[in-house]
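Both complexes shown next keep chain A, but they swap its partner, so chain B is in the first and chain C is in the second.
Up next, the complex of A and B:
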């Protein structure tokens, strides 16, 4: 049995949303990327068990510094949200609490995975300390470049959505 | 003759009238009991009364229950406007389309009446009709793909396709995004994107409350094509919304229904 779920990926400009998806969907990475515009839709089927899979329809929204400007119609009916920030650029996570509050307001009760990307560019221990000191909780620290934790992120989300559907 | 016999004779003389009366009542009661126990007899007596009462009830409905029913309907429509629109749209759509088609037919007939005799003669004997028929055949519209898409999520509910295309789930998502973008951009409520023109293909979009249907058409997309397409879509959607079974049906079954409706449809 296969179920389909809509997942929206958003965050500030240049945090690596599109690269994360490319790494997961096509299992390849390119440094030669351009900032995504509007929305780009891709799909990946994640096998949960031998007879059960989840088709993740990934809505990669354009980067924005103000989540209030995110088109609400793109969030309509979404089953999950991935909020991505860049661990090497504090400006992308300084206002994370406000950003998450906006998301919770625009898409109430929708599970949100908070992801710090580009962990390959920094010393992980230092970033974890900085995030801890600023009370920033996250679900995954990923690297679209090396592939670190990328599959784990999407697979965990897929499993969670499959459980929700039961 | 003993005492008892004498008393009996005396009783018979004294109560003659009463006896006859009792006998008569007994007979009536037996008849009544018989007609009550006999369904057919009872029915023949009671049915006319019931029919009369029902007729009276029907006649009195507008006056007695009318205002209550009207108020209840108004309240329900007010509460569930979207659902009412969704249910009525295919039906009203068909009615409006029929009316418009009739008016256009009338207009067409009037134009024909005003065509010159020479035009008519050349049309009868000339080759223009033949050429026109060949050209029309070559560029006739064909349904390539039909997608039933959840309006909010953009997830594909069911589809019919006569050729291999790229992933239908991704197409559904992109169409939903494009539709949302255009509708947001113009900020017009109650208006929706109806057609996407893509080189040799046209994508006709028909919106309903919970779903929209995207039909990919190759060939020439004319007003007539749109008209015919809407008929097909309304027929399918009316059935789809009416039958609760669709909600329980598997995607494969709905795909089959879409195929039945659109595979051999002439546009």
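Up next, the complex of A and C:
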């Protein structure tokens, strides 16, 4: 049995949203930064069990430093949200609480995974300490470049959405 | 034919797709995307997957802007309108690829520039943090060194006055040279730390330029000779005899450069040349150049040699000389220039503007050894000193220094809280006080003493000693009422000279 779930990936620009999706869907990575505009949608099927899979419809949204500007239509029918920040650029996570509040308002009751990306660029222990000191909780620290925790992120979300669907 | 062309033109950027409520394609144009009738619209592109469920829960038209339907942005990027038509759904795709391509190019350049600025700011912040940490570290470190160094200098002087064998005298001489070098290094560290913190200000006054040149000539001719080198100074004869500037800091720049030249030159000569660039009204511009035939500097090191703690090879010192030169010259509104070829030698030069008095000034008479002699006569009674110092080693060193003169009776207290009791019960001629005391700081204590109602107590001369030697700190201590402040490490002469100044 296969079910389809729409997942929106958003966050500030340049945090690596497209790279995370590309790593997950195509298992590839490029250092060249190409700005995403509007929305780009891709799909990948995640096997949950031998007879059960989830088709993740991934909506890669244009980065913005103000989530109030995210078009309402992009969020319609969303089952899950991945909020991405860049661990090497504090401006992308220093207002994370406000951003999450905006999301909860725009898409009530939709599960959100908070992801710190580009962990390969920093010393993980230092970042964990900084995030801790600033009361920033996260679900995954990923690296689209090395692939670290990328599959874990999407697979865990897929399992969670599959469970929700039951 | 024309109508067909018109129709083609009108529809080339548009596609209509009609589906049923479940998203099954009932009818479709094929202009932009291939849509087979009878297939689920979600199969055409994942974007359409959620359309039926969205439309089931909404009554109105829904617009989606800037949807990338091709594999790349330049393939097909469109605005999409979805209408509810009775039980069916009408999807209209507007191909706006060209428009969004130009928008993307704009966003690319804007975002890149924002991210670059952020990264530069972060980098700067990181560098500043590193610099701050380094300065704080060296400041604390040099501070910690001051007490033991004061002790070593004091005790070496005391040892020197005992009966010594020739070998012991030789050892004492080496010991004194080493402590003197260490003291100079600490001064360098202090200078660089002050420059880095912006706490160093120039202190210009009129001085005899010829005397400064003579000092350099004497010092470096001797030092160069010791290494088998030739040192020459050439000075433009049109330079006025007296100029106005910060003599001490100019000397510091020149001695650092000359020290380096001597340090890195093994054979040949070192030439200090001072030229007059320009002279107008009461202003002159001088060019100072120090040329050597030493090791030279490899091109790749030219950028970094002016950074703190950078030095070219395993030589003495802490690598602060050129950083100090750079910092001091910046304060003087000048920059250091360098021409160097590795293996052939270096030429450092810089220009500095000075004012000069149009008439020969009358300068204060320099204190000489002759008029620096102690003022107390042999038969006069001894002075009574209260030494306030908590560090036992410094206590010992200062005590020995003073007692050896035969001029003083000394009481020692290690706690600031006991000072008042001591001075009320004993008539002291002078107080020698460490500024950093337990329980109460030296400057606070002085304020208390100065406000004491008894005149003989509130007027006691107080000399502070401190390991914190920033100028503004010293000023604070003086402001608190201390008559003088000595920065550690100081030597015996400096201490006694200062004390005698306030006795008699």
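Throughout what follows, the second predicted complex is superposed on the first by the 165 of 166 C-alpha atoms of A that agree within 3 Å, B and C clash if a C-alpha of one lies under 4 Å from a C-alpha of the other, contacts with A are read in each partner's own complex, and residues count from 1 in each chain.
In this text, a residue touches a chain if its C-beta (ideal position, glycine included) is under 8 Å from a C-beta of that chain, and two chains touch if they have at least 3 such contacts.
Values in this document were obtained by computation on a predicted structure and should not be read as measured data.
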**OP:** Put chain B and chain C onto chain A via the superposition and say whether they clash or fit.
**Re:** clash
**OP:** Look at A:74 in the shared chain and tell me whether it touches chain B only, chain C only, both, or neither; answer first, second, both or neither.
**Re:** both
Original post:
Does chain B (first) or chain C (second) touch A:89, or do both, or does neither?
Top reply: second
Subject >> Partner chain in contact with A:6 - chain B first, chain C second, else both or neither >> reply: both
**OP:** Give the label of whichever partner, chain B or chain C, reaches more residues of chain A.
**Re:** C
Original post:
Just chain B (first), just chain C (second), both, or neither: which does A:39 touch?
Top reply: both
**OP:** Looking only at the overlay on chain A, choose which of 23-31, 41-49 or 203-211 in chain B hits chain C.
**Re:** 203-211
Subject >> Set of chain A residues, in rising order, touched by both chain B and chain C >> reply: 4, 6, 38-39, 41-43, 57, 71, 73-74, 76-77
**OP:** Note which residues of chain B are touching chain A in the complex, please.
**Re:** 150, 152-156, 167, 169-170, 173-174, 177, 180-181, 183-184
Original post:
What residues on chain C touch chain A, complex-wise?
Top reply: 42, 45-47, 49-50, 53-54, 57-58, 62-68, 73, 77, 100, 103-104, 107-108, 111-112, 114-115, 118-119, 122
Original post:
Can you name the residues of chain A that touch chain C in the complex?
Top reply: 4, 6, 13-14, 33-35, 37-43, 57, 62-63, 71, 73-74, 76-77, 88-91
**OP:** Provide the residue numbers of chain A that touch chain B in the complex, in ascending order.
**Re:** 4-6, 38-39, 41-43, 55, 57, 59, 71, 73-74, 76-79
